[in-house]
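Naming follows writing order (A, B and C), and every chain is counted from residue 1.
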Amino acid sequence: MKLTLNVWRQKNASSPGRMERYEARNVSEHMSFLEMLDVVNEDLIAAGQDPIAFEHDCREGICGSCGFMIDGVAHGGFKNTTVCQLHMRHFHDGDELWIEPWRASAFPVVKDLVVDRSAFDRIIAAGGYISVSTGSAPDGNAIPVRKLDADLAMDAAACIGCGACVASCPNAAAALFTGAKIFHLGHLPQGVPESRERALRMVRQANLEGFGNCTNIGECEATCPKGIRLETIAKLNRDFLMASWTERPPAETASAA
Amino acid sequence: MSLNARIPSGPIESRWDKTKFELKLVNPANKRKFNILVVGSGLAGASAAATLGELGYNVKCLCFQDSPRRAHSIAAQGGINAAKNYQNDGDSVFRLFYDTVKGGDFRARESNVYRLAQVSVSIIDQCVAQGVPFAREYGGTLANRSFGGAQVSRTFYARGQTGQQLLLGAYQALERQIDAGKVAMLPRTEMLDLIVIDGKARGIVTRNLVTGKIDIHMADAVILATGGYGNVFYLSTNAKGSNATAIWRAYRRGAAFGNPCFTQIHPTCIPQAGDYQSKLTLMSESLRNDGRIWVPKKQGDTRSPDQIPEAERDYYLERMYPSFGNLSPRDIASRAAKRVCDEGRGVGPGGLGVYLDFADSISRLGEKTIAERYGNLFEIYERITGENPYQVPMRIYPAVHYTMGGLWVDYHLMSTIPGLFVLGEANFSDHGANRLGASALMQGLSDGYFVVPYTIGDYLASNKLEKVDESHPEAQAAKRGIQEQTARLLEIKGKRTAASFHRELGKVMWDQCGMARNAQGLEWASERIAELREEFWSNLNVSGEAGELNQNLELAGRVADFLELGELMCHDARIREESCGGHFREEYQTPDGEAQRDDERFSHVAVWRYQGPDKPPAREEEQLTFEYVKPVQRSYK
Amino acid sequence: MLGLSFYSTANGKKTVMAVTGALLWLFVVAHLAGNLQVYLGPGFLDEYGRKLRELPALLWAARAGLLILAGLHIAAALQLWALKRKARPVPYAKKVATTSTWASRIMYWSGPVLLAFIVYHLLDLTLGVVNPGYEEGAVHANLVRSFSRPATAVFYLAAMAMLWAHLSHGIWSLFQTLGFSHPKYSGPLRTAAAAIAVLLAGGNMSIVLSVLLGIIR
């Protein structure tokens, strides 16, 4: 089949970008979307043009590298599917597609469809962990974990950090990503002791990074390739509220410690 | 320089404890004076960087992805082994050790493997404490599943995403150290050379993948944890970015390479669909717990699977290996699949596929249980092939998956260059000639959390390291070399893209150095690769410039290294005149087609040393001794 | 200051919106209950108005409270709106909404329409400035006079549509914001929020329509 692609081209973070049109010929329905772009790129190189930069690595929906908007929907909008898992059999001959990078000031464009998502790493660094240094762990079975909690934690831990939630959110909020980590760690007994500070620190960091504020629209949940649920955002709000109301001034915590 | 593996003496159970006691320690106050570079943020790299940061060292960690969380370890599905014996089914450290040595077809070092089995227990504890959401029983205890090559149930798992969850655990520990200022993280940074000063590893040269800037980083010790090189075959289950560049450049600087030809072909992958295909997708081995593998008994049987009656199906693994059946080790299962396809009994396009059928399990356990166990894998399969495996059996075929070979390291995980440590899949590893399922994750985390943090301290405490900085002539020369190479790649301005060379190299490797190898084919492949390399350097077309994000240039550099490594692999495979594990030489097989080891001549690690650009590499041998597990013909019948 | 550092985060502002929004919602409920007395005949509404005015302390306290609630709600909304604008400076060339409701996506302008409505409404029925013939205390008559003008009636109806939109998302959303969410209750809660919003907006609309159709005189 043959497709027309409108792709955002931008040389680097400081130069302006624009949409450009390309023809993708000889597209097989068995190709993945990225393989289709590979072919377009090979043609561009042969023609002496700069190939379209897009991020990818595992190509099986787990590393979270890939991701851009296809026709106004993050990852193309197929349930639980990243761009790299999307196959061309979902498209038709003659389709015209719009391909754009994630748009958020916290995700500046690096080149073409590649954006800088390091803000996510800094949100995790602010508190998205359990403070346990190597060697200090008790036996794995020392603390039983309710199966349901382990399963719920796993559901939330499935987040791949792709950024689609931010991209789809009309507010460019990082609530689903942040909520997923807070929910994951907060549902395990090991993570409970730190859950309040974790929420405070991660939420503050997300604010510093320039993400917008969640107004519970739910586009994030609909386009998240890992099915992370809005419930995680409620948990984030809950922990953040509890933490805010019970936070002690620094002097008091120091004397208690 | 002769090889000294520094294997401790004494009873195997106490060797690691004894070593740990004898290791020199770095005074806590002095740790922050040492700079350590960790290249790679996969399970091995992230766990090492986090742990070294916790200990107080000054760590710099780099990866080529945009975030350390995306290292290829994220893709591991099935699980991680540990000798916990929570199932009370007779597991023990010794049994895990035994299974791993046997599974590796007696080509691994006993002491290392024993340590791995010992440490495995602490890994699970550590990961649970970090919040890794392992599968649980209703009572709240950890659940296990079984994996190929073992008769006990010792694999811990987090749904079908064990690697992801373990990596996120290590990544979070790493981010915690980054926040604490103990680790500096450099994402989107590729190591392109190793700086060796006075025979010791003292730094690396990197390229900033966004700006193209070439930088020098100096350190007191360098850790490589850059993963495997399966992508030399172009199509593999590895991530697209996985590469050999870091270890290959270290090899060219003097680090010896162990067993380059030992490659694992995984039996259960989704078959290739077309030429444009960019990678192959693994279907976790855990599927073999409940799926039965079969092909039609008749050649060229084109009926749809549901039209083929039970009596006309050949459940060949169950038939040939009754005691392990569908859970036979990977090398054996892969070869068996190749054999039935070569007999013309393969299914699907091109006859390159076998069925993995869940019909029996679904009728026995119900669709719900199967969905709970493998739901996400079934989804992956359906997404790629458009077929529903709850109704139609999966079609699978073997694909390159893991490289047991890698930089040679001693018991301390140090390479032949002092101060250069190699962890995870990048080293020649504890898996001998074949890795058992769920053991790579175990090894990566063992190396990173529990081995290198000790042994690197000993190196730092027992060596007097001169102060050196970027201005050192060796550092400057290395930097210049990289700048020149980059310029050269861009200047060729030929006709062929790096990807096209890569694809062609991959085909040569798969055909001649893949599941079955022979002397003639390997010799031909060596020559063909040399030609291809020549063409590469005269007819390559790389678009764009050096000073920008240039994915094409990155690929070209990696392919250049694959074109050298591929030849070494063929060479190594040619000289190892025996079959063992994943290395199957057609000339050396038992009458019933099993691998025929030659312990007389080849009970050793082949250790290769670089001699210069146009000289053949030198081969040395590290003899392997087996005091605890007697080498026998590996039998899974 | 704990309170200020709380408010300085986006989530803090959001919480303020939820709490003030909830109280404003309760006001709308109470106000509707009062207004529905219009169906009982002319005397009731006037009597109700007179009783309210006989308790000036309570009345002014309530007015002050409402003013503060609305002020906080609007201030937080404006700040979050500014944040939203900053968070996505370059818009998409093409953006398609998938499953979200229209009401949820227009909160930032259904709110201001409500504000405009309230201003007009005060000028109309409390101060009488835009209601020629307005008579202090004659609540029922003022109301009937105002809604008999088709233009005013249409404006009221449109505003009530916005009230529906704002509340149908808002009532569900405030629970989520305050951290209450459970798969067992979320679905019913969403339905209930939508239903309550319909009842509230519908109740108000019925008064306007009844006047317009001559049912209430």
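Basically, a contact is a pair of C-beta atoms (placed from the backbone, for glycine too) under 8 Å apart; a residue touches a chain by one contact, two chains touch by 3 or more.
What you see is a predicted model, and the numbers here were worked out from it, not measured in a lab.
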item	value
Chain-level touch network, classified as line, ring, star, complete or other	line
Chain pair with the greatest number of C-beta contact pairs	A-B
Distance between chain centroids, defined by C-alpha means - chain A, chain B (Å)	27
Inter-centroid spacing, chain C versus chain A (mean Cα positions, whole Å)	35
Approximate Å spacing (C-alpha centroids) for the pair chain B, chain C	62
Chain B contact footprint on chain A (complex, rising order)	11-12, 28, 30-32, 34-35, 38-39, 42, 44-46, 48-51, 53, 55-65, 80-81, 85, 87, 89, 110-111, 114, 116-118, 120-121, 124-126, 128-141, 143-147, 150-151, 153-154, 157-158, 160-161, 184-185, 188, 190-191
Residues on chain C engaged by chain A in the complex (per definition of touch)	2, 6, 9-15, 80, 83-84, 86-100, 104-105, 107, 169, 172-173, 176-183, 186
Residue ranges of chain B touching chain A (in the complex, touch as defined)	47, 50-51, 54, 65-70, 72, 74-75, 84, 86, 122, 124-131, 133-142, 158-159, 161, 164-165, 168, 171-173, 175-176, 178-179, 185, 187, 210, 239-241, 273-274, 276-279, 281-282, 379-380, 383-384, 386, 449-450, 453, 497, 499-500, 541, 543-544, 548-549, 551-552
Touch list for chain A against partner chain C, complex	6, 8, 19, 69, 71-73, 77, 98, 100, 103-106, 168, 170-173, 203-204, 206-207, 210-219, 221-223, 229-231, 233-242, 244, 247, 249
